[in-house]
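Mind having a look at this structure? Questions to follow.
Order of writing sets the labels: A, B and C. Residues in every chain begin at 1.
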Amino acid sequence: MNGIFKLLGPCVLVGLLGLCGCRPAATGGSNAAGSKPDGRLTIGVAFETLQTEYWVAGFEAIKAELTTRDAEVLEAIADSDPNRQLRQVRNFITRGVDGIIMVPKDAKSCIPAIRAANDAGIPIVLFNRPAGETDAVSVAIQADNFRIAKETTEFLLEQARKTGQKHKAMIVMGDLGDVNAIGRKDGFDAAVAGNQDIVEVVSRVPSEWNQEKAQAGVVNGLQAHPDISLIFTSSDFLLPSIVSALKSADKYHKIGESGHVILGGFDGDATTFKMLEEGYLDATGVQDVYFEAEQTVQAVMDLIEGKDVPPLIEDPGFVIHQGNMQEMAPRTWGANVR
Amino acid sequence: MLRIVRRIVQSGYLTLVLSFLYALLMAWAAPGFATLANATNIVDAMLPLLIVATGQTIVLMTAGIDLSATAIIALTSVVGAWIVTGDDGLLAEHPAATPIAILCMLLVGSLVGLGNGMCIAWVKMPPFIVTLSTMMLVSGLSEWMTQSRSIYNLPDSFLFFGKNIGVAFAIAVVVAISGQLLLTRTWLGASLKHIGSNPATARTSGIQIERGILATYAISGCCAAIASLLITAQLETGSPVQWENNLLDIIGATVIGGTSLFGGRANVAWTACGVLLLTLIDNSLNLLNLSHFSIMMAKGGVILLAAWLDTLRNRWEQQ
Amino acid sequence: MNQPLLRLRDIGKSFFGNPVLQNISFEMQAGQTIGLVGENGAGKSTLMNILGGVLAPDSGDMELFGNTYCPDSPRASARAGIAFIHQELNLFPNLSVAENLFLSHFPKKLAWINRSELHKRSQELLARVGLDISPGTKVQSLSAGQRQLVEIAKALGEEARLIILDEPTTSLTDHEVRKLFRLLRELQSQQVSMIYISHALGDVKELCDRILVLRDGQVVADKMAADLQIPDMIRLMVGRQLDRLFPESKSQPGESIVLEANRISQPGVVHEISFQLRAGEVLGLAGLMGSGRTELARILFGLEPMAEGELRLLGEPVQRLSVSQRINKGMAMLTESRRVDGLCTQDSALANLTMVVAKKFTSRLGWIRRRSLHSSASQMAEAVRLNLAEGMNQAVCTLSGGNQQKVVLGKWLLNKPKLLILDEPTRGIDVGAKFEIYALIDQLACEGAGILVISSEIDELMGICDRILVMSQGELKDELQSREFNRERILKSALHADAIWEGDV
């Protein structure tokens, strides 16, 4: 019998907690409504991870943007665990935040968190990764992958045309379960479709967003087609793998040197920017983190004020290349995180 | 003086008292802590942890350890989701899909646990290395099965176990009470206590150590599967990395409760207190807007402290 | 008279309240060899451990060369000049002989080990002990006798002033023993002091100048070897009056055979053991430590494997059964060390008492019927006169040795055993509790159980047994009916030294 009582102990305690809770909840009700005495807004920022430079840059940009607008920031990093993120979002709700900005782990597992925010009547904006199809309501800011990839590829093909030869091309693709990867691949294909006369895609390397797989795929592709002279990667973080494969095939040369392989990427991280500066890389499509951060914060503010916001806001991005490098550097996050 | 300190440290209520004091402190310090909504959050976060920790407590009774618990959660999550998902699920849209999926989850969890048990009881390998290898093996298996992708589109009948906190609460309480009764009221539980206290004595007294150990790991695997059901349903996602980072919470909660890593001293009620304290810490520090890293450090510190108390208790008992 | 080399005054030591040594006082002169003899448990090892710095005495003081000597560690005793050569040798088998010899004091040239010096001095030492091997030889390639000699060489190299030899001959061949003795005599002529401990009484008498006989932790004789004959030694070792009371035996061996062992063998442990145990009989098993008596008991109970032979319990073969199956058939065993495998010391008396029997109080679903289990356990606690200050939930580790032993006994009695094996049932418990345990044994025999008792105390066996078997070196050497009980004969068979005093007794 004793044992059961002991087991009941914690349950009773939790009950007590709840009872205690009823009292402050009555007075704190206004808190949840969001009208703080000092009028400052509280925004919860929940990131799935801070493990790549891109997320750090986005996190910092959002916090900076919120601070300039005099909002209080609550932060939570879920360490790649959607469960923890769900709990963190619930904690935001408990603390009575006015709005939530979230980077989810993936398109689907974030839906319960969005639903929790919906139920509490708190607006939620997803940064860079939109939610999958669902009845839960959120706003997402996302780079226009198709457009940026298409523009980048078009720039590469322009360089190719200047050589006056026909080129054989390779694309390193991402995880095809990821909408971002599909958008980028489609953008590349669209650009190639308009330039069949100078380019032929001979190798498509599936990387599943994995560096080892990318490297192995590129090595194999270069062996099968030693005459590949144009490579586009769906993300810059795969570039080091590609460079190492090129080096072992003795095909890594600066622009203008004989045997240079025309290289293009997507993201605009620090390593890539350095390659651009050193003259190895022709162009990369940049997600405009600063634009996205600003738009994200703006969307949250608009939602709090009750304005209409479209469910998807696209970041048009831009292409940074040898020609506009100096001019676009300040807007390229990779140029600023070093 | 030392006697009083010993009494407090040795009592099973220490953690409960600490939890209560801590809750009072946080009600004052952390904004939004003492609200009904937050109490729900806390209970909600406690439930799956309590279920896995119950299994872990039973394993710890025999001086074993089950490091594969989180990997079993992930595997069963994938297995269950794979059967019921509307996207090409094995039994998509079938009316009996959910019960069959749940049965399969329990079966898979218990079987993996049984595998652990066989290596430990029959082959006499150390539990640490066996369950560590199982963890890697099973994680790899779930990643391979899904090619690292999560499984979505689970039917409402399955999500029922995550949407309704009452159902989850009932399941967790039933599991915890059953675990407690097993340990205190059954012949198996009594045997496990002897195995953990002194395996040589258990052997000379005719207790079948092998069977006891097999049972504990199977139970632990089954508990992990039950927890996985709640987690998967709550997140609406079957994921091969489900709960990957929560292993320390599971073992930590049992040790904080006062269950001994040296075996022979385990109690699910204590574990429930440990789960409560650990969840309170996690929740309150979150509300205090401390970063994830400082929360991890705080929890690590508390678990270390609890392990130290355990060692202290053990040394006093040796005297 | 010159200063004694070693002087002990009133040394006392007790473990858990049981005195092991009492008022030990003796002196030894430099150059003397003292023999130390006594039964198992007489306190020889404890005394030597105190000299060797392993244990600290509770009372009394020691002097070495006129200085107060109170070593706090084996190192301290080695530094003071005492070399201790154990039954288990303390050499590093993976190192060379020379390295072992100079482990603690390598000859050095600056920081470097002076190899040539090491080699030269090792050869000198090996020559002194008459070992013709290269100093570079690895110890693991040496025989037991050679290792013994290396140990002695090491002691000489450390310029030990007193060498203690504890059972040096047990693992040696006859040839090696002769060689060792030649060396020891030579050392005696070089005025090296020694304490020689052995069960081989003939050896002791031959080698030593003076002999100390230890019994129950006290020096009962301190005589020149020439004045002490071997039969006297044995009588002194065991020859106390029956100062302990045994309950009057009411049990009577019956006709039916409870246990029948037929040519039980396990290589290196026991060899062709055959005996029968009747219902209601208390059968004693005497033997020295290492004679195989405990191992035999563990084999009978199924805790250790047996290679050959047949074992029948109440006519049924049981040699293939597991421990738990044998328990179900009615076997029970109180093991030699209750802390190691008799009790779960951190658990309650209730948990320990019910450990074996709880299965019988379990419903089909696995639930324990707690109320009836509890009341049975309480009755048993009363029956064995268990003294529990804090009730049935008192942790066993807080109980006295006697009460702990009663818990173990009660645990088995609850299962109503037909065969009870008791290995050292009264070790480390006080006289009153011993009497109660003897009474319980007799009562169980009255109820028709067969009982096998192993004990180092011959008096105890003679006090409670109907028959005694004597074991030595893994074999049964002798069997005595109660009318022929005779301490000297038992000890003689146990020592397996008939040759030495044949005709003397």
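Assume a residue touches a chain if its C-beta (ideal position, glycine included) is under 8 Å from a C-beta of that chain, and two chains touch if they have at least 3 such contacts.
The structure presented is a predicted model; accordingly, all values stated were derived computationally and were not measured.
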item	value
Chain contact graph, described as a line, ring, star, complete graph or other shape	line
Chain whose Cα centroid lies nearest the overall Cα centroid	B
Chain pair with the most C-beta contacts	A-B
Chain whose Cα centroid lies at the greatest distance from that of subunit A	C
Distance from the mean Cα position of subunit C to that of subunit A, given in whole angstrom	75
Between subunit C and subunit B, distance of the C-alpha-averaged centres to the nearest whole Å	47
Rounded Å distance between subunit A and subunit B, as computed from the means of their C-alpha atoms	34
Interface hub residues of subunit A, defined as touching at least two other chains	none
Per-residue overlap in subunit B, given as positions that touch at least 2 other chains	none
Where subunit C touches two or more other chains at once, by residue number	none
Subunit A residues within the subunit B interface of the complex	3-4, 6-7, 9-11, 13-14, 17-18, 20-25, 28, 31, 74-84, 86-88, 90-91, 93-96, 106, 108-109, 111-112, 132, 177, 208
Interfacial residue positions of subunit B with respect to subunit C in the complex	185-188, 190-191, 193-194, 197-198, 200-208, 264-265, 317-318
Residue ranges of subunit B touching subunit A (in the complex, touch as defined)	12-13, 16, 19-20, 23, 27, 31-46, 147-150, 152-153, 162, 173, 176-177, 180-181, 184, 231, 234-237, 239, 241-246, 267-270, 272-273, 275-276, 282-283, 286-287, 289, 291-293
In the complex with subunit B, residue positions of subunit C that touch it	301, 303, 323-324, 326-328, 333, 335, 340-347, 351, 354-356, 358-359, 362, 366-368, 370, 395, 397, 411
